[in-house]
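Chains here go by letter, A, B, C and D, matching the order in which they are written, and residues are numbered from 1 within each.
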Amino acid sequence: MDRLIVPDKITDNKLINLYKQMWVIRFFEEKVDEYFAKGMIHGTTHLAIGQEASAAGVCALLDVEDKITSTHRGHGHCIAKGATADKMMAELFGRTTGYCKGKGGSMHIADVDMGNLGANGIVAGGIPLAVGSALTAHMKKLNYVTVCFFGDGATNEGSFHEAVNLASIWKLPVIFVCENNQYGMSSPVKEMVNVDNLATRAQAYGIPGVVADGNDMIEMMNVTDEAIKRARRGEGPTFIEAKTYRWKGHSKSDTKKYRTLEEEKEWMRKDPIKRFKNDLMKAGFLTKEKAEKLQEEAKKVIEDAVKFADESPMPTLDDLLTDVYA
Amino acid sequence: MDRLIVPDKITDNKLINLYKQMWVIRFFEEKVDEYFAKGMIHGTTHLAIGQEASAAGVCALLDVEDKITSTHRGHGHCIAKGATADKMMAELFGRTTGYCKGKGGSMHIADVDMGNLGANGIVAGGIPLAVGSALTAHMKKLNYVTVCFFGDGATNEGSFHEAVNLASIWKLPVIFVCENNQYGMSSPVKEMVNVDNLATRAQAYGIPGVVADGNDMIEMMNVTDEAIKRARRGEGPTFIEAKTYRWKGHSKSDTKKYRTLEEEKEWMRKDPIKRFKNDLMKAGFLTKEKAEKLQEEAKKVIEDAVKFADESPMPTLDDLLTDVYA
Amino acid sequence: MREITYLEAVREAMSQEMRVNNDVFILGEDIGVYGGAFGVTSGMIEEFGPERVRDTPISEAGIAGTAVGSALTGMRPILDLQFSDFITIAMDQIVNQAAKIRYMYGGKGMVPMVVRTPSGSGTGAAAQHSQSLEAWVTHIPGLKVVQPSTAYDAKGLLKAAIDDDNPVIFYEHKLLYKTSSHVPEDTYSIPLGKADVKREGSDVTIVATAIMVHRALEAAMELAKEGIDVEVIDPRTLVPLDEEAIITSVSKTGRVVVVHEAVKRGGYGAEIASMIAESEAFDYLVAPIKRLGAAPSPVPYHPELEKAHVPQVPNIIQAVKEMLKRA
Amino acid sequence: MREITYLEAVREAMSQEMRVNNDVFILGEDIGVYGGAFGVTSGMIEEFGPERVRDTPISEAGIAGTAVGSALTGMRPILDLQFSDFITIAMDQIVNQAAKIRYMYGGKGMVPMVVRTPSGSGTGAAAQHSQSLEAWVTHIPGLKVVQPSTAYDAKGLLKAAIDDDNPVIFYEHKLLYKTSSHVPEDTYSIPLGKADVKREGSDVTIVATAIMVHRALEAAMELAKEGIDVEVIDPRTLVPLDEEAIITSVSKTGRVVVVHEAVKRGGYGAEIASMIAESEAFDYLVAPIKRLGAAPSPVPYHPELEKAHVPQVPNIIQAVKEMLKRA
């Protein structure tokens, strides 16, 4: 039997929960996909199906006090950071029980109290926010770390550059997690940058840059653990590049002309959930039956979430002008 | 006698002219400094005394068709790219004969026809402009190169990052010349970035990054020559970091509390003009007498410039609303 | 006459120009094979190739500045800014560079560029993807600002914008992309600074922009049933503004409602209303000028809140009626 | 009572707050040993140390976003934006993040931060260092906007801004830094949204902001010699705006001149004028509302052109006289 080398923090029980969590994320997004297709959800959405390991693997190492900033493709990050599927679904349904009372929608889900400083509709918009959060920890001598999620495309925004530099010179406890899913909308990362690994960019700021297999839960947990320890020791930020892939189109209206079906299939073979399941089974943490049971439980979570959302009340016009100012 | 190794393009005659040009730049700025102190020039100004070698050395390799973008500290770049001291002085005096008819002042001197796309009051503001100019060359299949001057502080702006990345992925004929004069206003570069050499930042874009002694005319000419050849061959941009120092304060109102007198003196010993003079003398291009004569001529150029400026007409109120739209 | 959509009209204006002028090119995010976030450039990379329909990284400041630099050196770039909300990232290059270069340089150099950008709410994209921020750029000397409301206007105004030697910010309303009107196949130009009377009337003037032109026309139809005769003026370009057309109309009707989608506070409607109040039309006013604009909140996600956030037909009808009651 | 300068008043407000509240800190370019581009933070790093008077790289977007993120997590940052023209680089973080976070998040989280920034012309710094762009931020729900005209107001308003749980943009006029007035040593707060009648009068109301308050008062003194009695109202905060104070004054005088330094077209004066025109004061107006603002050009370098670009005392006097002639 293989031995799983995972961070100390990751108990056996946690491993099992993480497996289930990945399914919760997957099912949540599949449901959203379905409802969007049916026109039952308004607006737009960005699904991270295929990228579950970076969300779940990174957040597995976080405590409640720790913080994250997320992106337009943030459902997974949210759930992994402790958001409940019901309030998320309610938000997408535009209900008052949603995380943002129906005012934010998919691109703005946040749960400040639980350390989720928010999804963000602006590419790279959350990166300086994460640095600010880390600055608070530093100045108030709090021990929390902040994880900043963003995509490959975001590394071409000026605010990425400015924020990472700030974090570096101030040695702030922040972990930059770049989910390189090979495309920024339709643009292949290969054409938009002139380096093989985005992690190379860390050199411009004098911080460690790590390339990780973003579809490998175990590796994601281990590199994150390393980075968090470094951050908590006061040694400053780490840049982690998680190589991964989004199975679905960029947003609801994407014909995916910019990539091939072969490429998609190749990556679907690298399904992070399947891989983690195999790892857990090989290491004796999971049986086929147990795995199925967890998967069923996850499905149930989403069904309940839909029910919760569907039964929740709509906002009234009186809500339009509340919450503008504190 | 030492042999001077300089680019082919740099004829013996050109070497002599460059020596004189450096003095024109120096005297121009000393005069401006004096007039500002006396309140005879309005607004603010940023002097590059001590940095003449990067302006003169880089522009020595440029043809009339080539372009530059400059900065708030741009008098030297302008003169080196062919601007005449009289129209520059007239601009600082706010006269209609000035490069900008008195509407721009020190921070906005430009001479588009001569390939000077302008000084810039916005730190890093000129960097994307240079990339745009290089894009024109590329799209129109023109053979010119664009040199983009900026300071160490500018490398922390997002637009630096975005623009260099664009130039790299599109392999544009642009040379990024970072004049690292150790400070961005009052901020030591050592505290504002976490790398020893700014040239390291080139790695984030997959382009060559070269460290050069910015006070050494010969070295500046050689590294620029290399970069220009590369650009003209269609191999894309080069990042040159010229290590140098500004002798004066950041702008007219700087008490220089952020640095020591010793440091200033140390750098003043590395005077780029004196150094070039020695190089030229050692190589037999210059005698003491000839050197003095050139210096006198340079002084005369500035005296004439002042006279020209002083005798030039002031704008009238009718000029306020012209030149807003083409 | 042929009918095409607003979206097609925009594409046709660009394509026709690009066929005859090699200096014109487009740059922006996902405008190539993807065809742009709204499909406006769909098919263009196939015709013009990736050099002239230039996909860029996600670098709004960088690409805006690149456009400015290329314009200054002889190209005529069209910057496709994916959502007008992202102008927040490109403001420096647009405001401190593009708008001012010619003046700062004493009249030398010019920056012939167009920033095309979709604005407005109604798609459920929430606070960061639904704004109408055109007031910002109207405040900046050196820029021109265009806001077409129909396919016909879009084509003619875009040609004028591309032909203009100055930076022009060209706002396309997302909800108008699919609307159609008669559009000649040949190229034509609608001069910047010329308003269009979209409907003649004698009782009240409505000055409306972009999608509000359509809502105003709908309101006018409803009001006509009650015998209220509304004139609808579409300025089409905010800068330069056809003040004369507006003043003439208001002097005739004596009443004016100004309506736009942007937040009312500090919106361009304030400029239009103030301009009227300062003009000779003041003496003809029989009722206070009324402005309609979005509520003072970010754009909400929920569809009903999103609708309530901006003026709708009933709001316009009500405003006109209240005004008439008063007089 | 003690007299100190506007600059000292700003510094005192920050220092007093920082002494009692550890969450308050300043970040910005060259605010440490250099003391800020205008000397406002001079001496503060010596008292509060480099952690709380935090020098930053030249990264306006990054530091604005850092301020937002730190505010969201419990600090109360004061962002020192070296010149208000550079807000062009920080707009996304201010407008798309700071202003909207609370609303987008359904009322959870808050962003208690102040952006302090010097604006205005008159120093010969030309087009990119002399703008008055406050109209932009007044247009954005979620932001508050303050523009003090005196040392007394600056101190009290800055305390209110720091105490406020929302993002507040605080404009300091460069030419006012050296002006003095009576300023109590103890802390005091001037509520945001409360205008100040800087001079009472009965013939004409002048609504003036920042440096124009002083020019309006000078004009009023001149006009008084000719028996014209001018009331000068200083809104002090643009958002929230004390509409009542303005309406009351205009209803009394029946005439109003609105004057600011920002470009007239699309300036906040348009909002003020429109608000008046829409209000019950309309019925009391005996002359068209008049706005004065900067000319439609970038700010020129030459000192005489620079002066001519913005309203000066004689322009205000002339506007008032013309208005009276007419009535």
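Quick note on the criterion: a contact is a pair of C-beta atoms (placed from the backbone, for glycine too) under 8 Å apart; a residue touches a chain by one contact, two chains touch by 3 or more.
Keep in mind the model is a prediction, meaning the values are calculated, not measured.
In this assembly, B is the chain whose CA centroid lies farthest from the centroid of subunit A. Contact tally for B-D versus B-C: the pair with more C-beta pairs in contact is B-C. Our note on geometry: subunit C versus subunit D, Cα centroid distance of 30 Å, whole angstroms.
If each chain is reduced to the centroid of its CA atoms, subunit B and subunit D end up 37 Å from each other.
Chain centres here are Cα means. That of subunit A falls 46 Å from that of subunit B.
Remark: subunit B and subunit C have CA centroids separated by 41 Å (rounded to whole angstrom). For subunit D, residues touching at least two other chains, in rising order: 57, 59, 61-62, 85-86, 89, 92, 96, 103-104, 126-128, 141-142, 295-298, 300. Under the contact definition stated at the top, the residues of subunit A that touch 2 or more other chains are 100, 102-104, 108, 120-122, 125, 156-159, 161-162, 165, 169, 191-193, 324. Residue ranges of subunit D in contact with subunit B, taken from their complex: 29-30, 32-34, 37, 55, 57-62, 85-86, 89, 123-129, 295-298, 300-305, 308-309. For subunit B in complex with subunit A, the touching residues are 156-162, 165, 168-169, 191-195, 200-201, 203-207. Residues 23, 25, 51-52, 56-57, 59, 61-75, 77, 92-93, 96-97, 101-112, 141-142, 144, 165-166 of subunit D touch subunit A in their complex. Listed in rising order, the residues of subunit C touching subunit D in the complex are 61, 85-86, 88-89, 91-92, 95-96, 99-100, 103-104, 126-128, 133, 135-136, 138-142, 239, 262-263, 265-271, 273-274, 277-279, 282, 288-291, 295-298, 300.
The touching residues of subunit A, counted against subunit C in their complex, run 42-44, 94, 100, 102-105, 107-108, 120-125, 153-154, 156-159, 184-187, 191-193, 254, 257-258, 314-315, 317, 319-321, 324.
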